[in-house]
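In the two assemblies presented below, subunit A is common to both, partnered first by subunit B and then by subunit C.
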Partner chain A sequence: MNLNLILQLALSGFLLGGVYSLIALGLSLIFGVMRVINFAHGEMMVWGMYVAYTILLWTGVDPFFSFLVSAIILFILGYLLQRSVVNRILDFPEAMQVLPLVGMAMVFENSARLIWGPDYISPQSKFALSSISLGPLTIDTPRLMAFSIAILITVLVLVFLKKTDMGKSIRAAADNRLGAFLVGTDVNKVYAVCFGIGTACVGSAGGLLVPIMPLSPYIGAPFTLISFIIVILGGMGSLTGAMVGGFIIGVAESIGPEVITNIFHGLGVDLEFPHTMKQVVSFFILIVILILRPQGLFGGKKR
Partner chain B sequence: MLSVKGIEVFYGDLQALRGVSLEVNQGEIVTIVGSNGAGKSTTLMTISGIYKPRRGEIQFHKETIHPYPTAKIVSLGIVQIPEGRQLFPTLTVMENLEMGSQFPKAKQVRKESMEWVFKLFPRLEERKKQLAGTLSGGEQQMLAIGRGLMARPILLMLDEPSLGLSPILVKTIFDIIREINRQGTTILLVEQNVFHSLSLSHRGYVLENGSITMSGTGQDLLKNQHIRQSYLGL
Partner chain C sequence: MVKKKMNRRTFLKYSAAFGATTAVAGVPTLLRAQPPEIKIASIQPVTGVIADIGISMRRGNQMAVDDINARGGIKSMGGAKLKLLLADTEAKEEVARTEAERVIKEGAVCLVGPFLSGNAMTIATLCEQRGVPFVMDVAAADDITRKGFKYTFRVFPTTTKFADSMLFYMDKIMKEKNISKIRGVLTNTGDLFGRVQGATFKKAVTDKKFPIELVGHIEYPLGIQDLSAEVSKIKALKPDILFPVARPGDAKLMIRELYKQRVELQGIISPGSPGWYEPEFIRDMKALADYVMDNVPWYNPIGKMYKEVNAAFSKKYPGKYIDTNSGYAYLGVLVIADALERAKSTKADDIVAALQKTYFKQDLMVGLAVAFDSRGDNINADTAMIQIINQSLKVVLPEKAAEAKYIHPMPKQLWERGV
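The block that comes next holds the complex of A and B.
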């Protein structure tokens, strides 16, 4: 087994895991507060990517700055989506909440196709191909940047929730909706802001991913799935769980195929486990978690 | 100050209130007594704007308030301390109190309000950094009342504040309610502890099956034969 290769893969998976954490943080925040799963999460991330891409195309501003615009636009989209659709389905049974949001996912996916076309695009940003050497390992600069900014945003979101009045209102409304109404919270506004923050997280993550991976209107659904897996792994509604889960899935997806191929070879089976099947690794982890610890790593808090 | 005029409230097709009317005047303590399911909590929730009456009207200082959202009603000074406390268990005691004072007028005097609450409930000050979910039942009730006071209510509505508390704590809570009233807050109380609450009240209403069946001063109601039989077991 090539240890250097595994280390290299683990490192780049860890860095991408930081972005996964941010994506899952958004999903987990929305679920934790409103008990609604945003099935349009990945598709909204794609919108964040296209916004950053468009800015790069028109002005040349690098996605590592323009992710802020992605965040703002996705905040507005999320706020409006909550007000117009999600707020009406909060009291529905879970199964009935799925359809409107899956429907919104289609709306986002197809409107992205209408606006930006169906092709895969790999925009060349300034840092796209640069890297830093660290002994035998190389670090992609874009990944390192994306990782650092994603962690920074995550910390900011957590501080916002902890310290500000709006953040406290969000936590209060998550704790006890009736109680929040009775102390005079405008719960609908708090929910809409919370949904907006959740989608701003995924929007900025989208912006950060532009230099790392090619974009197309169709890459949203796998990201919805992967963030869903991360949230289940970490524990539904647990923000710590979402972050830790992001790193676990990031690393596992990255080293999984190589490790499995090595195991195949060790067993004398001449098979390659292709990297394109990395999602199999995530789903395997999901199944193991559902069997051994269905409440997730950091879940288990009964409400 | 508050006047409820013939409100009818439905849960789906089920009628919970059949034309409830009551008045609360400035400075009073008014109690609504009644058995389980009579509609006491529904009445308070309707005044708070959580439920909307299908017929009837609720006025506060001559202003019709029942169409308003709860947040607006709270900011007018009508604050409810609900049954079961409805605290925020993963927020600290301090944060719970801050949540009680979030609209601009209450926020301006947040510090003074908090000092007032800590003076009424020194125990809360000792525990201010603790999560609300880790408090004992009595402390949680104190926090619920404190959180309500943070909004600087003109009319404070309490739903079963003595529920699940030990007799000593019940006395403490009722003493505090009397003290809050003495300092100028009007009180509308819903209680199953009929004896305690009526002896503390200026006036009372008896709610049965969604209608007011009797009203009078606290002392008159305590002497009433029907009340003695049905609610006091005498």
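The block that comes next holds the complex of A and C.
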């Protein structure tokens, strides 16, 4: 077994896991408060990527700074989306909530194609190609930076929810919608702000990913799926769960194929676990956790 | 307003009335014996993971139709104009089938498409059932034409052809550079084309006992967004040459990861795949794109037809040029038009009979005239080895078509190029 390789894989998976956490945090926040799953999540992340890319193209400002603009624009988009679409479907049966949001995903996806074209773009940015050597290991600088900023944003969001008035209102509305309404909270506004924060999280994650991944209008869907897995795994609506889940999935997908191949070889079976089946690893973990803890790792009391 | 409730009787009444109206309205169309236009359908993955190439191919199809119409349409049928119906497979097999079904219902007499081999397989199966000719402009997997289909033809080379040419060129490079053995790692995407292309190359190397030792074979999903794990594995295997079968997104991702993880290589030589020759690859990768070689069914740089078509294409779509995909998309439509011209009919069997006798001279792409064997494969489809030198694409092999001499091994590793 090549230990250096496993360590390297675990490291890159862990760093990417930080960004996954931020993406899943947005989804979890929206679900925790409104009980709506944002199926346009990945597509909104792609919009965050394109905003950061456009700024890089026009002004040369690095995505590691312009992700803030992505966050603001996605906040506005999220706010408007909540007011115009999501707010109307809050009391619908779950199956009916899915359709408008899947529809919005298509709108985001194809409007991105109309605006920015279908080609895969890997813009040149300052840190895109730098890496740090650490003995036999290589640390990818943009990944490290994305990771650090993602963790910082996550902590800020958590502090916001705990300490500020708006944060407290959001938690109140999540806990008991009617109760919050009765004590004078503007629940509709709180919901819209909360949806905005959720999409701002995913927007900033998109900005941070620009130096790491090529962008194209159609890369969003896998991210919706992966953040959905993370959220279920961590416990629906649990923000800590989203963070921990992000790391678990990040590391598992990265080291999974290599570790399983090694196990095969250890058992004397000459089989390679193909990288095409990476997602099998995530789903396997998901199933195991759902069997042992149906509410997810950090899922609290049932509704 | 009084709302009328629809019950079974009213429904039947209305649908009968609707049926009658359409039947009456339909008569005049039947009376027009020779419609002034012939419908063919372009079915390409215009949205979804491979939308960039899908659009480029649809443009190739459309431009060919426009050019044929501008030259007076199908002359043997009174100058009938071609009309291109547009269909989108979304890069999904099931959508490919329903879209093909739709265009056939809308009256397409022949289908052209669809870039992805997996999509091609479902369309070919459907066309066989419906008895509609299907000309694959791009789609390489051998299997599609190994099913004994009567209505399916392929202008593009097969994966076997790719592997043979690849080894022919590799043999030449190894002899000229005195290389006796190569340690290689093969990577491919996990869709039908990627898998078959990878597997065929591997099989050709083993069957011919070719002195390439493939120490690793890594497969990853189409549309992957993170290749760090795969590249770490490549690094651990310490190959001389990387043989990647890729697509535009992952090709860029791979180059960047190879750079960041400082993977030392003598060369990056693709057994034949997109990703390495599109304008965006060179634009985004700059000097990192240099020295990449790709064994592709390329345009014929000295061809008259190529020069004309490319000039028009670049003018219409600034920043783009005719490449493997748009070139074959253009050629596919020309082959159909040529068959229609000789068939003098839009009946499926007449078109198939004409396609079987095709001998279409062209100098748009490398390879000789288009002619189909009994399976429907173009026997003269061929590939060239191209290389990016100083951020411009050059044909380097075969020598008779070469625009420059290939450079091997890479004189500078990726991170030594001052990007």
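Note that in this section the second predicted complex is superposed on the first by the 293 of 303 C-alpha atoms of A that agree within 3 Å, B and C clash if a C-alpha of one lies under 4 Å from a C-alpha of the other, contacts with A are read in each partner's own complex, and residues count from 1 in each chain.
Keep in mind that, in the parts below, contacts are C-beta pairs under 8 Å (C-beta built on N, C-alpha and C of every residue); 3 or more make two chains touch, one makes a residue touch a chain.
Small disclaimer: the values here were computed from a predicted structure and weren't measured.
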Problem set entry | Partner chain(s) touched by A:S169 [first = subunit B, second = subunit C, both, neither] | first
Exercise. Looking at the overlay, does A:D186 come into contact with subunit B only (first), subunit C only (second), both, or neither?
Worked result: first
Exercise. Touch check for A:L178: first (subunit B), second (subunit C), both, or neither?
Worked result: first
Exercise. When the two structures are overlaid on chain A, which partner does A:L114 contact: first (subunit B), second (subunit C), both, or neither?
Worked result: neither
Exercise. Once the shared chain is lined up, is A:E258 touching subunit B (first), subunit C (second), both, or neither of them?
Worked result: second
Exercise. Is subunit A touched at more residues by subunit B or by subunit C?
Worked result: C
Exercise. Regarding the shared-chain residue A:T138, is it in contact with subunit B (first), subunit C (second), both, or neither?
Worked result: second
Exercise. Any idea which subunit C residues touch subunit A in the complex?
Worked result: 47-49, 51-52, 54-55, 190, 217-221, 223, 225-226, 228-230, 232-233, 236, 248-249, 252-253, 256, 259-262, 278, 280, 284-286, 415, 419
Exercise. Hey, which residues of subunit A end up touching subunit C in the complex?
Worked result: 2, 4-5, 8-9, 12-13, 16, 109-110, 113, 118-124, 128-131, 133, 138, 140, 143, 212-214, 216-219, 222-223, 253-255, 257-258, 272, 274-276, 278-279
Seminar exercise, completed: subunit A contacts subunit B in the complex at 165, 168-169, 171-172, 175-176, 178-186
For this session: Within their complex, state which residues of subunit B touch subunit A.
Result: 48, 50, 69-71, 73-75, 79-80, 82, 85-91, 95-96, 98-100, 102-103, 147-148, 151
